[in-house]
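See the structures that follow.
Presented sequentially are two complexes of chain A, the first with chain B as partner and the second with chain C.
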Partner chain A sequence: MRATLAWAALRRHPMRTLLAVFGLAIAAALLLDMVMLATGMRASFRSLLTSQGYQLRVTPKGTLPFDTEASVGGAAALVASLRSHPDVARVSPSLGTTVQAQRGEQAVSAFALGTNADVQGEYTLLAGREPSMPADSTIREAIVNATFLTRLGVSLGDTVDLSTERSAQLRQSGRRGRVVIVGEARFLYVPPGLPALSTPLGALQHFLGTSGRDRMSLAMASVRVDGLDAAAQRDRIERVRLWIETEHSRVTAISTETAIVQVEERLAYFRQLAFILGALSLVIGVLLVTTLVSLSVNERLGELAVLRAIGVPRAGVLQQIMLEGLMLGLAGITIGLGLGLVTARWLNTILRDFPGLPADLDFFVWSGEAAWKSLAMLLIAATFAGAIPAWRASRVRVAQALREEAVA
Partner chain B sequence: MKPINGTSDVLLDARDVKREYRAGESTVHALRGVSLTITRGEFVAIVGASGSGKSTLLHLLGAVDAPDVGSVTFEGRDISHLSDAEATRLRLLRVGLVFQRFYLMPTLSALENVMLPMAEAGIAPAARRARAEELLRYVGLGERTGHRPTQLSGGEQQRVAVARALANQPALLLADEPTGELDAATGAALIALLQRLNADGLTCVLVTHDAALAQSAQRVITMRDGRIVHDTRSDTAPTAGDIAP
Partner chain C sequence: MTRLPKTREAIRRLAVALCATVGVVAWQPLPAQSAPGPVIGAPRDPLVPGRRPPLVRGIAVDERLASDAGVQVGDTLRLSAEAGTVGEPVVVSALVRRAADPSEVARSEYRVRLHLDHLQRLTGSADRVDRFAVAINAEAGPAAVDSFLAGVNHVAFGFRAHASRDVAVQSSRTFQVVDRFHRAIGGITIVASAVFLLCILLLKVEERRRAVAALRLAGLSRRTVALSVIAEAAVVAVLGSAAGAAIGWVATLLVNAHYQRVFRTPLTFALLTPRIALFAVALSLLLGIVAGSLAAWRLVRTPPLTLLGR
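Our next item is the complex of A and B:
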């Protein structure tokens, strides 16, 4: 009966109730989005770095992976050395550079990645096949991303001309080659708006001539950690990392965990912003419910006095009014959940279009536990936001309220 | 007029009851020492000018309010100093209240309004539905159980309010100006209903300005300035001066 009365009270002013529910839905959506933003980037970045199973990234001293076009020579020896470590399971070397791709009158500047298909952790093949490594190392086949296909107006099976600019520093003239597109791939770390292609590492090194010979930009290493607990895994990875930096002074080795910590430090601003906006949305939700329920209680003091007079206990009135807050909260949160997910998806699309960000990085990631906890917090807050007016309603002096009603 | 002989089967007994309350800056001495006894089965009308203390007395008799001084005994139990929970329980189970403005829950149907006190009393849904339907038939609204208060006339709303007051089979029905918002014909129908209830054994105490309603009571208590000035069996109608506001 209390639920019936609470529901009836909310239905009495449908427009007012609807506006309050909509306000709560916006607060809930904001809270959800902020929670998704605060936890999402970290989760997404972690997922991105760990998706291919490599825990260490080895780059030229003092650089981050593909942060610059810096490369390190003696790549074959370096990779062989890394592979010789008993705790290293796999090593994936790669070389990145910028090339000009042309077909007919269409030309684009593209990111060219040389890597070996059997160990690579840079892309996911979507269509076609992996490029084969020719015996004479001449560049002949490539896989490309969707942007490359679109911008150059080509499709699988087409031939594309590649060239590099003349390098005055290396006294090397521009290099030219021709590749057949044999596959389409999604490059994990390449911004979605940047045309990209990949060929076997040896073919790209050969194509680049002096500037690419036996060089690499990055090597990813997978450490054997099967059967170890989390702490032991961290210890082993760190030992291998230190070994690499000790043995090879020309490189920096960075673990996935360290990279995540560094990213988290850079994202601290976002988390603080998300925390503040999330807290604000909670406050807005509480204020909305308190205002609406207070208004409703003030209008119904006489009616509530009559309820008390005919035998409804204080606790009954308290429960009824708090139920009104709970119902508002439930309705607002249900709508807010959908609204929040739609908004997050939309904002994610906008933010992912920022230049320079990996295609697979998400800003808003659904985390069930975090989302449910935050929405439950809002629901509890909304319920207890009705507690003050509910307490007032339950303390109404019955005889006095009836006298005042009779006079009114 | 006959003197009251209320010593047998006493339902209510008020002794030297005083009550005052604040109204803005001033203090209203609503009751200045009222004593009365009401026996089971009586039909009592309390009349008097506005501000004479009628409604305050009614509130004290129904445990809606408590006296500052004096005592009120209901079914042999002192109800002057009940806790809020005890007073609420007493009102729920032993007292039926009817108000001038009906005060039905506007968003509930007639049936749901009548079921409300029974739900509070913990009566099972099926039983309370059956009793509510029976009560609405009793007050002549058996065909209008699903109607909301706004879909009912004033007289019908007041009859629903009477049915609600009877929901938990109270020993006492208290009505504050029950015909105050009704026209003469509708008021007469309500008076007939109250007389029927009284004839069925229910003790009724009414506060009224309505001469017709006062005339229908067996006993008329006239109040002035917080005191009882007449307490008579109503063989004759009260004077206009007794009832007029």
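Our next item is the complex of A and C:
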């Protein structure tokens, strides 16, 4: 009965109701988007970092992985030391540098990554096979990404010339080598527009000569955490991290949690923007419902007085008015959910154009729990936004309201 | 944590120190009582006429690093290209403040500035630079820049010359993305506030239905009534947007104060220009007129007695 009355009240002013629902839908969409932005970056980055099962990143002291050109010497000994720790399951060392790749007249600068194929966590092989490590460590085979293939106009099986830095004075390339492209891979941490290739670590170190000898840019370590609960896992990872930093003063060990915190610091702007806009959309939604229901109640004081006069209890009037807010909120949130998902996809497309970010990093990620919680919050807020006018309506003086209505 | 070779490159291009090799150096303060030791490693290049650099070289330190590490002008530090090595002593000759560069705002890394030859020696990159800037005679005009670029790139081997304007375009991609994002968010909030405004004004005008009916019954023409309703909506919209602009201005002060403290930069994060304020007021006025017109149209076409509920 009360729901029918509430529905009838909303239907009486279709234009007004439509606008209110539309306004609430936009507020809900914005709120959903901002929740997705605030939680999505963290979730997406965590998923990216943990996708290959490595919880620790070991870098030259004071640097983040591949954030500078710094590398650390004595790589073999360092990796052996890391592997000797009983809680370390596997270690993946890698060396990154920039090389010139050329085929015919076509030349590009490419990001070259030296890895050990059996433990690497840098790429996913899409086609072909892993490059093999020759006995004499000469660089002979490489896998590349799609951008490399496109930019250089080559395909699997083709041969390209690689060279290190060029001397402008002598008009000579540094060290040179010829590699066969044996596979195509998707590099997890390389930006989409950057040509990249990977060869065995030893081959790249050999290719770079003295500047690459026994050096690495990064080592990823996987800690044995099977069978441990979350807290115990964190403790063990932190113990190994501290051990690495104590034993090896030349490096910094970064856990996934620390890495996420550091990235969040850099992208704090988006999180704070999401918080501000999310809060704003919630306020707009509440204000909209409050204003609408207040005016609606003011218009219907006489009608509400009649209801009270025929025996409808105060609680009944209160419930009916609040039901109107609930109905508006439900309709707005239902439309807002769809609208929010569409706009999130659009906004994500814009932000994924950020130069230098990994291709798999998303800014807007659907998180069921966070989304439902935020939309439920809006629904509750919208419902209770009608509480004040509803309370006023329930306190209406019946005789006075009826008399004023009759005079009017 | 992310791997950002392109961003790094863009940031480098933007860097103010145009004629320096960029290196990664580690530093550690010397104990207060330690006397500066001799320079480790002699310069590899032959001496050319000029003044011999002092044995202990001076460096300039980012004020952020100076503040965090408690470093002052005159302090002696050890500087090395790789962590864990002894390094060479240097004296802090100056503290420098970073320019308001948006590309660096989120990066909390520390910086020290060295003389070019000093950094080349320290990092073992003798006679190497990442880039250098060339100033073309200003009187020669833009054509001279293009001609110079073409000439250099024709014979270039291992390097490439770029016009500053092209570098600026390429390195501003980050800001183009942020700008597009802001525009998109701005569009959504404008639509949201437009609907909100439309709804409020429509309701506000509809609340006046009895007054409008009285005016109509008193003999005022539909046109006069409609114009008065529209004028009222417009005034409410302008007053509301003016108040909104004032709140926005206060918000920009708070935002700037907060983010300048968080990122330790003189950068302006939020800016309310007269153009933006004018746009907000004009948009509100337009929406007010639209809402007023819609409401007025509905009111004047309804018979006055119906408006009174008779």
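The rule is short, and it goes like this: the second predicted complex is superposed on the first by the 386 of 408 C-alpha atoms of A that agree within 3 Å, B and C clash if a C-alpha of one lies under 4 Å from a C-alpha of the other, contacts with A are read in each partner's own complex, and residues count from 1 in each chain.
What we mean here is this: a residue touches a chain if its C-beta (ideal position, glycine included) is under 8 Å from a C-beta of that chain, and two chains touch if they have at least 3 such contacts.
The structure displayed is predicted, hence computed values, not measured ones.
Is the arrangement of chain B and chain C around the shared chain A a clash or a fit after superposition?
After superposition on chain A, chain B vs chain C: fit, no clash.
Of the two partners chain B and chain C, which one touches more residues belonging to chain A?
Comparing touch counts on chain A for chain B and chain C gives C.
So in the superposed three-chain picture, is A:9 touching just chain B, just chain C, both, or none of them (first/second/both/neither)?
In the superposition, A:9 touches chain B alone.
Examine A:354 and indicate which partner it touches, taking first as chain B and second as chain C; both and neither are also allowed.
Second partner only, chain C.
Once the structures are superposed on A, label A:377 by its partner contacts, choosing first (chain B), second (chain C), both or neither.
Neither: A:377 stays clear of chain B and chain C.
After the superposition on A, what does A:265 contact: first (chain B), second (chain C), both or neither?
second
Is A:156 touching the first partner chain B, the second partner chain C, both, or neither of them?
In the superposition, A:156 touches no partner, neither chain B nor chain C.
Identify the partner contact of A:69: answer first if only chain B is touched, second if only chain C is, both if each is, neither if none is.
second
For A:49, is the partner it touches chain B (first), chain C (second), both, or none of the two (neither)?
second
Chain B and chain C, closest CA-CA distance after overlay, in Å?
In this superposition, no C-alpha atom of chain B lies closer than 8 Å to one of chain C.
What part of chain C is in contact with chain A in the complex they form?
1-8, 10, 24, 26, 82-84, 106-108, 156-159, 173-174, 177, 180-181, 184-185, 188-189, 191-193, 195-196, 198-200, 202-203, 206-207, 210, 259, 262, 308-309
Quick check: in the complex, which residue numbers of chain A touch chain C?
15-16, 19-20, 22-23, 26-27, 29-30, 33, 45, 49, 57, 60-70, 72-73, 96, 98, 111, 165-168, 171, 173, 189-191, 193-194, 249-251, 254, 259-260, 262-263, 265-269, 273, 277, 280-281, 284, 287-288, 291-292, 295, 298-299, 343, 346-347, 350-351, 353-358, 361, 408
If you look only at chain B, which of its residues touch chain A in the complex?
Residues 21, 55-56, 59, 62, 64-65, 84-85, 88-89, 91-93, 97, 99-101, 103, 105-108, 112, 115-117, 119-121, 164-165, 168, 176.
In the complex of these two chains, what residues of chain A are touching chain B?
Going by the criterion above, the answer is residues 1, 4-5, 8-9, 11-12, 302-303, 306-314, 316, 398-400, 402-403, 405-406.
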